[in-house]
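Going by the order they are written in, the chains are A, B and C; count residues from 1 in each one.
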Amino acid sequence: MAETALSVKDLEAGYVPGVPIVRGVSFDLAAGEILAVLGPNGAGKSTLVRAIAGLVPRFAGAIALGGASLADLPPHKVVRRGFAYVPQVANVFADLTVDENFALGGYTLKGSREAHLRRVFDLFPDLVAKRGAKAGRLSGGQRQMVAIGRALMVEPRVLALDEPSAGLAPIIVHQVFAMIRAVAKAGVAVLVVEQNVRAALATADRALILAEGQERLTGRAAEIANDAAIARIYLGGAPESAGAGR
Amino acid sequence: MMDVAAYLVFFLCLALIYGIACLGLNLQWGFAGLFNVGVVGFFVVGAYAVAILTTPPHPSYAGGFDLPVPVGLLAAMAAAGLIALVVGLPTLRLREDYLAIATFGIAVTLQLVALNWESLTGGTHGRVSVPRPLASVLVDRVEANLFFLGMTLAIVGVAYWALERMVRSPWGRVLRAIREDETAASSLGKNAFACRLQAFVIGAMLMGLSGGLYASFIGFVSPDDALPTLTFQLWVMLIVGGSGNNKGALIGAVAVWGLWSGSGWFMASILPSEWGARAGALQVVLIGLVLAAVLLARPRGLIGEETVVSRGAQVP
Amino acid sequence: MTLILWLQAILDGAVIGATISLGAIGITLTYAILRFANFAHGEFITWGGYAALAALGTVAGWRDVSAWLGGPIAPFSFGLPLIAATIFAIVIAVALALILDAIYFSRLRRAKIAIAAVIGSFGAALVLRNLVVMGYGADPEYFSRDIQIAFRFWPGLRITPDQIALIAVTAALVVSLHLFLTHTQLGRAMRAVRENPDLASVSGIDVASVIRATWVIGASLAAIGGVLIGLTIQLRPSIGFDLLLPLFSAAILGGIGSIYGAVLGGLVIGITESLAVLVIGPEYRQAIAFLVLFLILLVRPQGILGAKA
């Protein structure tokens, strides 16, 4: 049984006190496991991840990473504990070069960043030629790689991605999810919020389905993918067509 | 006893004059959310307009058309409104801080004009002998002050009534919508900009009216009336009284003017006269600290914004 | 109007422009990172200048220290005493900025009413300026009563050694700042926070300490600017406030957030003012800065080196 990397219990969070968007969500995430967070628009998927990252106020509940509590920590301390977050939009420093983006990803590292930089560029060899380019000038797929690479610089225990496939061509989506699998294989626990249900369920080990801020279902991804009833109720139709590339 | 009453009349006149400027600022900031950091500029333009137009002819200075005070006041409003139009047209579309800097700039520029354009403004000497309305009839000082107080009260009343109607109108609704949600407002497109410009100009006209009344009341305008201290005083009056609240603007004006005059008196009586400029500086420091604290404690004002119900709204 | 007069005006304008640049850099940084127009920035300049004056006065009273530090280093009118005094000025200005932010500006920012911080800074400026009047009165002060002999380096063109020092110091500071922002983690972090505070936060950057660093840099440059102004012109309680309009104009002209923009803006404003003074006299100096500002807002509000929003 792999160790629990992230443990969330009865989490309530939102922007306005008294108006929680996440209304009591619990889940555990094991090292090397990929958990897909799915659900209709407005379900609170992004807010859930942002709350764990520290960007959204938490009203109640517990968040523990490797046993230590994250619930009262501001974002810059959350990442120091090993939780790296990649937002959906504005996820790179557009005005800074790829090199500078990665350097900032390694802001909390003590000592030399060289080894970490090498490992990240090994994951994204296409970016080596673009090191000096401003991140804002890159293509959508390359920007996404910079965004993920920036998060991986600290070699986090948990990597959280908010709709990493959004706006990307299918072949790039394929690459992104292959990379997610590689990262998980290296022992990182991965949390993926996604609208592209098919790709998410094909990659993930387990899935958590949210609606209206509460969890409706948790289970093995393969089972959920094959269950037409669940697909109809929560995911907008047959799994094969649910969220298939737009 | 007469002295106290006479002083009170004098005090109230000035407080209400500033109150009118405060109403203008409330329209710009409280209702339209516009940053005017150069309030004194619009005030002083009105003051000089009245001075130049209503004074008798003078050998060295321009103007001196000896026009009646009401004409001067109208000109004061027009001048201030025109300046607001010129400054507002390019800057109201930009981020709010830029309006703050632009209005600050126009106030500084107008102060320089007041200081240096001697033939028009009298330079450092300023313009004197600015007449009161009905000066030839009301010779007695006390009578004249009482009349001015009455006149100012009437003007305040009219302005208050007009503003209250305006903010409860559809126009006022649009204004508040723009202030609260810029994005939603921009979907209204052109209307949003026109509304804000109107609020800006009308507010400025009130400030010009205030300055014109000031010139007529005191009888004398100089570049000292163009200092940024007045901008700060008026903002504090609005903050203390409650932005978004016309009653609050007037109450704030009286309260803060009372505090300022009172402390000035107090300083003068307890500090040795050799202090000179330092005494004035100390007064500004103390008041500034008190009022900076108020801003920290209640940024929306001590009275706070009243809930405005528009005409025609269905209230359950 | 002979060519030499114009050239001299440009030279004088460049000297003034350099000082404006130092202040404008601070304004552009705080504006870009803190998102508010700080009307109290001028007072960091004033307080820096007067703090140096106070330090010099104190040192002059201590015989031993005074003798040890020595006198002016030829050809300049200043020596170690002023340099030591400048360090003191920086400490005072930085302390002032950090305290103001901690007890006042940060709380006003949290109120989320945008004008509150601006009006608060305006009021703070009023208070700070009048505190100087209380301490020193309203008359001008000077670091030294000696008249400087100017270099003549072209028939009719002159510049004093102190002015050369001013330009050299400004250039050195600007280059150092650029290197800092591009080659250090803290510098990169500042650029990151300027662009996207949330993303910076989740990268591990403590935005609060970046904000503090911004104040430190802005106030330090302002303090040095105050000393340089006191050195080459004079000290008055209103020097900082009178510079606000040129500072804002320079920062906006150059493009908010751009260091080189602030330098460029400062030089443009300084030279334009100087040339205009030749034509219309010195009384309307500040109005020139406003005119430039107005034109820029009309034509290209994002500034010369700024990106279109």
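Here are a few things to note about the model shown:
Assume a contact is a pair of C-beta atoms (placed from the backbone, for glycine too) under 8 Å apart; a residue touches a chain by one contact, two chains touch by 3 or more.
What you see is a predicted model, and the numbers here were worked out from it, not measured in a lab.
Under the touch definition stated at the top, chain A and chain C share no contacting partner at all.
Chain centres computed from CA atoms place A at the largest separation from chain B. With centres computed from CA atoms alone, C is the chain lying nearest the middle of all the protein shown. Taking each chain's centre as the mean of its C-alpha atoms, chain A lies 44 Å from chain C. Centre-to-centre separation between chain A and chain B, using Cα means, comes to 55 Å. Taking the mean of the C-alpha atoms as each chain's centre, chain B and chain C sit 32 Å apart. Only residues 31, 36-37, 39, 104, 107-108, 111, 113-116, 118-120, 122-124, 126-127, 130-131, 133-134, 137-138, 241, 244-245, 248-249, 252, 283-284, 286-287, 289-290, 293-294, 297-298, 301 of chain C touch chain B when the two sit together in their complex.
Chain B contributes residues 29, 35, 37, 90-91, 94, 96-98, 100-102, 104-106, 108-109, 112-113, 115-116, 228-229, 231-232, 235-236, 239, 277-278, 280-282, 284-285, 288-289, 291-292, 295-296, 299-300 to its touches with chain C in the complex.
Contacts from chain C toward chain A in the complex involve residues 185, 188-189, 191-192, 195-196, 198-207. Touching chain C in their complex are the following residues of chain A: 53-55, 74-76, 78-80, 84-85, 87, 90-96, 100, 103-105, 107-108, 150, 154.
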